[in-house]
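Pasting the structures here.
Presented sequentially are two complexes of chain A, the first with chain B as partner and the second with chain C.
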Partner chain A sequence: MNLTDSNDYAQTLVRGSVVVLLGLWLAWIWLPILWDLFTGVSVNPQTDPPTLIPREVTLEHYVNVVQEEDILTYIRNSTIVTTVSTAVSVAVGALAAYSLTRWDPGNGQVSFFALSMRFLPPIAVAIPIYTMFVGFGWINSWRALIVAYLTIGIPISTWIMLIFFQKIPVELEEASRVDGWSRIQTWRRVVLPLAAPGISSAAILTAILMWNEYVLALVLTTTSDAQTVPIYLAGFVTTRGVLWGRMGAATIIALTPIVVLAFVAQERLVAGFTLE
Partner chain B sequence: MVHAELRELRKEYDDVVAVDDVSLSLEDGEFLVLLGPSGCGKSTTLRMIAGLEDATSGEIVVDGEVVNDQSPAERDFALVFQQVALYPHMSVFDNISSPLRAAGVEKSAVEERVTKTAELLDIAELLERDPSELSGGQQQRVAIGRALVREPKAFLLDEPFSKLDQKLRIQLQKELKQLQEEMNITTVFVTHDQEEAMVLADRIAVMDAGHLQQIDTPENIYRKPRNRFVADFIGNPTMNFFDADVREGTLHVDDVAYESADTPGSDGVTSMAARPEDIHVEPAPPDDDRLVATVDLVEMRGSTAYFICQLDGRELTILKEDNDDVAEGDSVALDFDFDAVNFFDGTGERVEFARAEVQS
Partner chain C sequence: MSTADTTSGWREAVRRRLADERTIAWLFVLPAIALLATVAIYPFLQMIYDSVFSFSQAGQREAFVGVENFARVLSDSRFTGAISFTVIFVFIVVTVEFLLGLGISLLIYSPYVERRQLFVVLSLPPMMLSPVIAGLTWRMLFNVEYGLVNHVFALNIDWIAGRPWAAVAIIVTDVWMWTPLFVLVFASTLQAIPKVYYEAAEVDGMGRWQRFKWITFPQMRTAIVIVLLLRVVRAFKVFPKIQVLTLGGPGSYTESIAMITYNYGFKFFDLGRASAAGVIYWFVMFVAAFLIFRAVAEDLITPEDS
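What follows is the complex of A and B.
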């Protein structure tokens, strides 16, 4: 073979490998969800041998999940906790990121400390927080999760928004001050509009993290008054066996809000991940 | 009418002194240029005048009132930044009208004043555009418009043209100078470009390492620099420096006696500085008793030609006059226009001779 031919061959090989790898990766992600989908609508999910596409379909699992298994209550809990905690995290994070980029306290020490909290696994502080909250009488309340989730939400939203605030030139704020606007007016008129993309990226990523959080929710909540969707889903693995059908239905229902959110906000999500 | 004064203005960052007790006064309607190399403290001084930086000590006085504690808007100063700093999420109209809206001016007046200013600056058709759609020069005009629309007491500019190409820079310099003269606004302009300073200024304040070196008209700064730094910094092409001293009443330049130089009294002269146009050459006969240099190169700059000469390992730049019959490689004898050259002592300070003054 001459050089061009071998080059073409190599290129095809490389492209082929990339396609295969991507395909495997996509399968890894999508197959479980597909499985949930099919299981959720099949009459007898526990066939032997197990089949993927069901022979008979039914919606009874969905009905059960909503009526008997009370999925809506758990969704309510998750929504309240995630929304409030995200809102507070993003608000605090925005102010923190702004301050850290405009005045560098302690020569980088403060920002390092605040941002290194990102690497703190929630499980490490689960027990101490539990003990504290018992003292407050907060166990099994929305309050408990909202406050506990701030340990996740504030570091990560500060971190994401730091880059976005850094990109806003200080001169713009100075120009605003010289024009005669006060600091608060400058914040509202100049800084916030320009930071908005960063704020929405941070909000979406934080919300997703909090919605899926399992460990702190498990430790700090005990009944359906406050338990969140991840706990609920885990509950289908009972001592009497796995309730496949209901689990499949429940998972699909639980996934839906997040998928919709991600779809609607995918541009912001990507910006948040790539920090652009 | 605005009379402003800086009294011993000082700015320290930890242990670095950025501005070292600078004092100067600003006349009403004057175009003052703060000139100096990077890091000399000129921008810091401007920002203190504007109110964006706090002075470590010293006072900024406007019309007899100490304004150190006032915000930029309270001082009624407008500022044009080097990085333009237009609000990217607002239209050109909203950018220019920003200071008026901050002051609560009513809508109809705002519209009128913005349109008038935009016409003055030749950007009236750009009012609905976004800053990102404009060229660098147009953006800077908008920034100037935003500053001038409020008819401020003083107009402060921080190297506004340094990012533009040469031709545009010259164009905007001309327009700015005309505008400033028409409106008679007191202006402080910071630059490191000494040609820009010479073109724009009524007076130039030359700074180096936080110190004010000399403040005077462009002509005086050019003709009579107060020290070696100013002599070297101003003028294009640069000043030529020579060792000089007076022995028994006769001036010696680089150890060569020039008896024709009139030097009654000469306290501590150690060096002499001559501009390219103050040195004259002619082909040197052998045994010439003047300084002799070798012509390396004849350099053309625009319509003027210069001899680049070698003297004892140093390079000299000398203006070529039309009737000079000298070519590359020739040895030339140097004559100096002693009425125009500058003498400095050991500390680099100017030494004046009590000789007949050339009118300046």
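What follows is the complex of A and C.
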């Protein structure tokens, strides 16, 4: 009787500490993000620091960020560059990954090549690309970023789809070929539906990487005609001087789509990140 | 008549070629290889070539200088300082993130927790953010006068401009951002371990620690190796986070290799020196990745044997 009591007690203690520790963990993750949120709605966060429950809430900083700082222009640039470059990367990567899992031309050399691309530091790619694009007259344009981002997008999307496609049984394709379907019919009706989760995981992850990219955008763009959201945000520190309220508001605007994505597409994301 | 013949002969040849799977295989990988060769390999070779030339401020190649750029970079205390800062940074953040990530994932998969997937998903956001956002967020938190950190712990530390605090601030930011990756990868590995193993261990009378040592850890080994490799490679690229947190300061105390390489090219406008630094940078990363890879290659090939 006593024994079970003390066991129960120990159990409760352990359970309690697990709950407390995980609570601390989640607070550590979310407090900084909440702080951005609170700073962005405080009237004057620089002289009157935000409190956990804001005394007075204002949307002034959000209005300023949109109207005076024109954040929407940077969002437009980021959206165009990310969309086009992701689409190209995933299309090209899907073909490559399919071929590598089915026939492996070059006996592993090609996939090793794709993987080794990730060891190239972005700045070591940015410097020569910069010289090349100065020659083309491409500096400060969308196409400069779209093309440069392929160095990130193709290796990562190929890699993720490679792992996904390996799980699609070849037998299914062979069976449908035997049933008299053409190769194209087989792809459309058998391969594509099975490959869809891998393709969407790759697309989401590639898009996030490009949306967040900083180094190449810093080197290749110079004005709001082509600059992306991260460059705009870094400007709070590097060029415009720290305006806390606007910084909080802009940060929240920039991170919301990503956090929403984390919940909406969690399954695809988790699958992609664990393979990354 | 003869034209029609040649056309159909040509078509026939194409059809036969396409029926050969090797041809299709190469056709499929060709766009990826061609694009990467143009946008990554060619510029990379160009950089190696540029590293032995001097450049004008306007970016024009001037004269062949041999290894002079390399000599200047390697004798620059700012560059060697950046190398040691980056190496120490990588070592500390990866170690802390690994241990913390392992601990948290084990807590999430302890028998006391329900809705585990929710905990994992709630842990994700920092790693999905731009390093610029993470840097700005923590810059506000670390502000000496109004920052939450000094406020909560009743400190008066200048986290941005003090030594060694600037380095600590960068490390904390990186740990905040990247521990979630370890949690995510370890959690999905733990989830995949068959329950039967633990039931059998219980029958054998194994304790908590023994179960971790003989079941959990061996099952996680491959995941550990892969995620460590990924993180080391990625941590070596650290730059935007530092740019918005400390701008490399105080002085050049927190400058990373990527940052000084960028500065050579776009602050001092010396593309020759920047190229040499880029080559050295790539080499350092390659060696680090190679050493880890060799140390763990066995695990990657035979993960099941242990």
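As a working rule, the second predicted complex is superposed on the first by the 232 of 276 C-alpha atoms of A that agree within 3 Å, B and C clash if a C-alpha of one lies under 4 Å from a C-alpha of the other, contacts with A are read in each partner's own complex, and residues count from 1 in each chain.
Criterion: a contact is a pair of C-beta atoms (placed from the backbone, for glycine too) under 8 Å apart; a residue touches a chain by one contact, two chains touch by 3 or more.
None of the values given here were measured: they were computed from a predicted structure.
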item: Residue contacts with chain A in the superposition, chain B compared against chain C; value: C
item: Touched partner set for A:190, first chain B, second chain C, both or neither; value: first
item: Touching partner for A:102 - first (chain B), second (chain C), both, neither; value: second
item: First (chain B), second (chain C), both or neither touched by A:225; value: neither
item: Contacts of A:60 with chain B and chain C, given as first, second, both or neither; value: neither
item: Which superposed partner A:8 touches (first chain B, second chain C, both, neither); value: neither
item: Which superposed partner A:28 touches (first chain B, second chain C, both, neither); value: second
item: Shared contact residues on chain A - chain B and chain C; value: none
item: Chain A to chain C touching residues, read off their complex; value: 14-15, 18-19, 21-22, 25-26, 28-33, 35-36, 39, 45-46, 49, 88, 92-93, 95-96, 98-100, 102-106, 110, 113-114, 117-132, 134, 147-148, 150-151, 154-155, 158, 208, 211-215, 218-219, 229-230, 233-234, 236-238, 242, 244, 247-248, 251, 254-255, 258-259, 261-263, 266, 269-270, 273-274, 276
item: Chain A residues touching chain B - in the complex, by the definition given at the top; value: 169, 171-172, 174-181, 185, 190, 193-194
item: Contact footprint of chain A on chain C as seen in their complex; value: 21-22, 24-29, 31-33, 35-36, 39-40, 42-44, 46-47, 50, 59, 104, 107-108, 110, 112-113, 117, 119-133, 135-141, 146, 148, 151, 176, 180-181, 184-185, 188, 230, 233, 236-237, 239-240, 243-244, 247, 257-258, 261-262, 265-266, 271, 274-275, 278-279, 281-282, 285-286, 289
item: Chain B to chain A touching residues, read off their complex; value: 50-52, 71-73, 77-79, 81, 83, 85-89, 98-99, 102-103, 146
